[in-house]
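The same subunit A turns up in both complexes below, where it pairs with subunit B and then with subunit C.
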Partner chain A sequence: MMTIAVASGKGGAGKTSFAAALAASIGPGSIVADCDVDAANGAIALGGSITRREDYFAGPGYRIDASACTGCGACAGACRFEAIKPSADGRSYRIVPELCERCGACVDRCIARAIGTFEKKAGELFVSQTRIGPTLVHAELEPGEDTSGKLVRKVREGSTALAGADTAIVVDAPPGIGCPVIASLSGCDLVVVVVEASVSGIKDAERLIELLDSMKRPAVGVINKAGLNAPMDTRAKAVLERAGLPLAGEIPFDPALRSVEESGKTWKDVKGAAGDSVRKALASVKGAMAGIARKSDHGQGKE
Partner chain B sequence: MKYGIPTDDGRTVSAVFGRAKSFAIYDEAVPGFSIVENEGANSEHGAGTGAAAFLADKGVRIVLAPEVGPKAAEALKAGGIETRSASAGLELTALISSLGSS
Partner chain C sequence: MRAGRGATIAVASGKGGTGKTTVAAHLALASSLSRKTLLVDLDVEAPDSRGYFHEAEPVGEEEPVLVPIPRFEGEACTGCRRCAQVCRFGAIMAIGRTVTVNDKLCKGCGRCVNLCPSTSLREMMAEVGTVARYRLESLDLLEGRMAVGDIRSTAVIEAAKRHAVRIETEVQIRDCPPGVSCPATHAIEGADFVILVAEPTDFSRHDLEAALKLVRDRGLESGVVINKDGFGSADIAGLCGSYGVPVIGRLAFTRERASSGAAARLWRDDAEFMREMTAILEAAMPALALCEGGSR
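So, the complex of A and B:
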């Protein structure tokens, strides 16, 4: 089993598109773990239809029992998140679920013991079949909910559970460098850093590379949206070189890349020069995967 | 000297630290090792820093893990706990017997 994460730092750099193309190029036996649980697009990129779903519970939600509530308002006074409001009839109070941070301060203050817990659904986990071929494991967090790191861990566990000894799992990481990204990258054999050739793309990639350094993950770089600004392309290459990341490929900005996705395929099927660079980058990444497989102790050497 | 190693199955080293299902605690003075459940594995926040605190409470001075997230690394350092690299999937018994030579 081998896990390859596709990350970028910056949003919109091309992670999901590249991850979909990589999984498509590996074949229908591969698994994509879409770890962008706040704004998951893997199902769109791969043409997914849900075959399994499961509710995700992050932790207890708090609820006021209106019949036990004396209307004293001590809970609302304790709440630092302005999540407790008077009820419509003014006789009791109610907790607004989207604002509640589950700190429990209200429970401590309630003399009537009117506040209890309930299993609050914080999101959903899915497994989908995809038109492109790979199995997709994904999730969605309810708006306003946190614990994205924990939900990403569940997506990762879900994909490992479906994987066989020879399966490749492509992890589509979320943007940023926070907990959900760390949970997406942990335990991966290889990270593909997609660098958008722009000022913010390069800056955010640098922050990601710093994180990868502290996590000691082997990584390669793919520059995306190249060809719009030569000095930017040069700067992107320099950043990767300075960090010691081999350049797996350089993908030009080309409307053909978007049209191929709109027609329900992945970047690997694009015709012309842009498609050639994508296929070259994919071959390079697969070469890096083979190199890691050869080095591993678990006898996974596959040519 | 007490060592802490993350493990999901109780037999091999886990690829993750903060949300590993349990930790193997090996005390040089005692033969064998014990497995303690990582109560923080399911926590909503701070699983990594919680695990660091958990191990510090148990008197662990060295953590052996493939990787540790940035905040957990800070917490371990603050607790005076050293982190050493250990490959994911390695058999715990093999890893622990290799420690005798340190």
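So, the complex of A and C:
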């Protein structure tokens, strides 16, 4: 089993599109783990029908029973996140769900025992058979729920459980460099860093590369939206070179790439120059995968 | 309009890369032409607003965002394991009379410290990010930045929000992180109006729906800006209609804008674009239209 993650730092850099093309190019035996559980688009990119679903519970949240609350305010004093505020009538307190970190420190301080827990469905986990071939493991987080990192781990576990010894898992990572990104990238054999050729895209990729360095994950770079602004293309290449990431390919900004997705295919099937650059990048990423596979076989003395 | 922090507009999206930062930066620019404006970058994992205002000067020292992390001082530890049992973040391992704290997972809630019967845990401050202030003419910029390798983005977001309150302004514009989970909810909390930026693609339409649900559940007033209008054919306006949320702006896609946008250049000379920004501000904040009318 080999796990290849596609990440970027910046949102909208082309992660999902490249991940879908990579899985399609590896073949129908591959698995896509869509770890962008906040904004899961793998099912749109690959066209899938759900074959299995499972409810996801994030763990208990807290709420204050206003009728039992004496209004002493000890809970608010214990809360480090300023998540407990007086209610409108001033006679009791309430927990602001957006700010609550669910630590439970308030419960310990409540003499009236007015703080109870509640468990609510925080999302759903799915396995889909895609039209294009690969199996897709994905999830939808209920809007406003926290613990997306935990749901990402569920998606990773779900995809690993379906994988055989020779299966390639393509992880589509969320944007950013935080908790769900670290959960998406940990343990991956190779990370494809998609660098959008823009000021923001390059800055965010630099932060991601710094994170990958600390996680000791091998990585290659793919530049996307090239050709819009030549100095940005040059800068993106320089950043990859400085970081020691091999440049796997450079994909131009071309509306043909968006159109092909609207017709239910992936980037790999685009005709013309944009398609050629995608196929070149895919071949190069697969070459890097083969190199890592050889190394690990060698390491295990199987040769 | 609330005193202290000004009328607050949060720019969010669901999907990343739809143009939140572009819209937030230009709304701030348009607003700053006639009133004191503060742009707060709350996309602390990937803060990019400042890229549009590279000539802005730093104001004061950058402030560290500190979270109290427990340190184990174990002579008196009874081995009760209470600390590990109550930690909701899995940050504490207790074996025998030895307690190990995983600094990266700890959120600094203090529960373990308060419940330890032998006072074996003492808190020390750990830096999880920074908040820095910049200024360019009548525009203030506040940037929250989470340290690479950290996961406590919400602590940095809240620190930036608290700092923002200390800056006197008429309008506060927040550049929010993508997604619909904790960083996004923290960033929109307390806003008077949420602008959701979408692009006419199937990906964006899907993610916009999650953001529309989030904003509806939170009871926040909102409007949608369709960016890169004409770039794809997904029906964003239809989706907005079904949620009863107005489309308050359309920004046409052109290759020229995509090209100069890649270099984070402000389109202050793009008269049509700047007019659209003023119209969006007025739609988001009827109160602002009144202020502006008064100053004209």
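As a convention for this text, the second predicted complex is superposed on the first by the 237 of 303 C-alpha atoms of A that agree within 3 Å, B and C clash if a C-alpha of one lies under 4 Å from a C-alpha of the other, contacts with A are read in each partner's own complex, and residues count from 1 in each chain.
One rule holds in what follows: a residue touches a chain if its C-beta (ideal position, glycine included) is under 8 Å from a C-beta of that chain, and two chains touch if they have at least 3 such contacts.
Just so it is clear, the structure is predicted and the values come from calculations on it, not from any experiment.
Asker: Quick check on the subunit A-based superposition: subunit B and subunit C, clash or fit?
Answerer: clash
Asker: Report the partner of subunit A that touches more of its residues: subunit B or subunit C.
Answerer: C
Asker: If we overlay the two complexes on their shared chain A, which of subunit B and subunit C does A:10 touch? Say first, second, both or neither.
Answerer: second
Asker: Between subunit B (first) and subunit C (second), which, if any, makes contact with A:186: first, second, both or neither?
Answerer: Only subunit B is touched by A:186; subunit C is not.
Asker: Does the superposition put A:78 against subunit B (first), subunit C (second), both, or neither?
Answerer: Second partner only, subunit C.
Asker: In the overlay, answer first, second, both or neither for which of subunit B and subunit C A:48 touches.
Answerer: neither
Asker: With both complexes superposed on chain A, which partner does A:146 reach: first (subunit B), second (subunit C), both or neither?
Answerer: A:146: touches subunit B and subunit C.
Asker: Considering only the touch criterion stated at the top, classify A:249 as touching first (subunit B), second (subunit C), both, or neither.
Answerer: In the superposition, A:249 touches no partner, neither subunit B nor subunit C.
Asker: After superposition on the shared chain, which partner residues are touched by A:216: those of subunit B (first), subunit C (second), both, or neither?
Answerer: First partner only, subunit B.
Asker: Mind working out whether A:275 is in touch with subunit B, subunit C, both or neither, as first, second, both or neither?
Answerer: It touches nothing on subunit B or subunit C.
Asker: If the shared chain A is used to align the two complexes, which stretch of subunit C, 57-65, 93-101, 183-191 or 219-227, clashes with subunit B?
Answerer: 93-101
Asker: Is there a shared patch on subunit A that both subunit B and subunit C touch, and which residues make it up?
Answerer: Common interface on subunit A, subunit B vs subunit C: 59, 102, 146-147, 149, 179, 182, 211, 214.
Asker: How about subunit C: which of its residues touch subunit A in the complex?
Answerer: 14-18, 21, 45-46, 48, 51, 68, 86, 88-89, 107-111, 114-115, 146, 148-151, 153-154, 158, 177-186, 188-189, 201-203, 206-207, 210-211, 213-214, 217-218, 231-233, 255, 258-264
Asker: For the complex, which residues does subunit A have touching subunit C?
Answerer: 9-13, 16, 37-41, 44-45, 59, 78, 80-82, 96, 98-99, 101-105, 108, 140-141, 143-149, 174-182, 196-201, 203-204, 207, 210-211, 214, 225, 228-229, 231-232, 253, 255, 258, 261-262
Asker: Which residues, counting only subunit A, touch subunit B once they are in their complex?
Answerer: 58-59, 102, 146-147, 149-150, 153, 179, 182-183, 186-187, 211, 214-217, 297-298
Asker: Which subunit B residues qualify as touching subunit A in the complex?
Answerer: Checking each residue of subunit B against subunit A gives 15-17, 19, 42-45, 47, 66-67, 69-70, 73, 85, 87-89.
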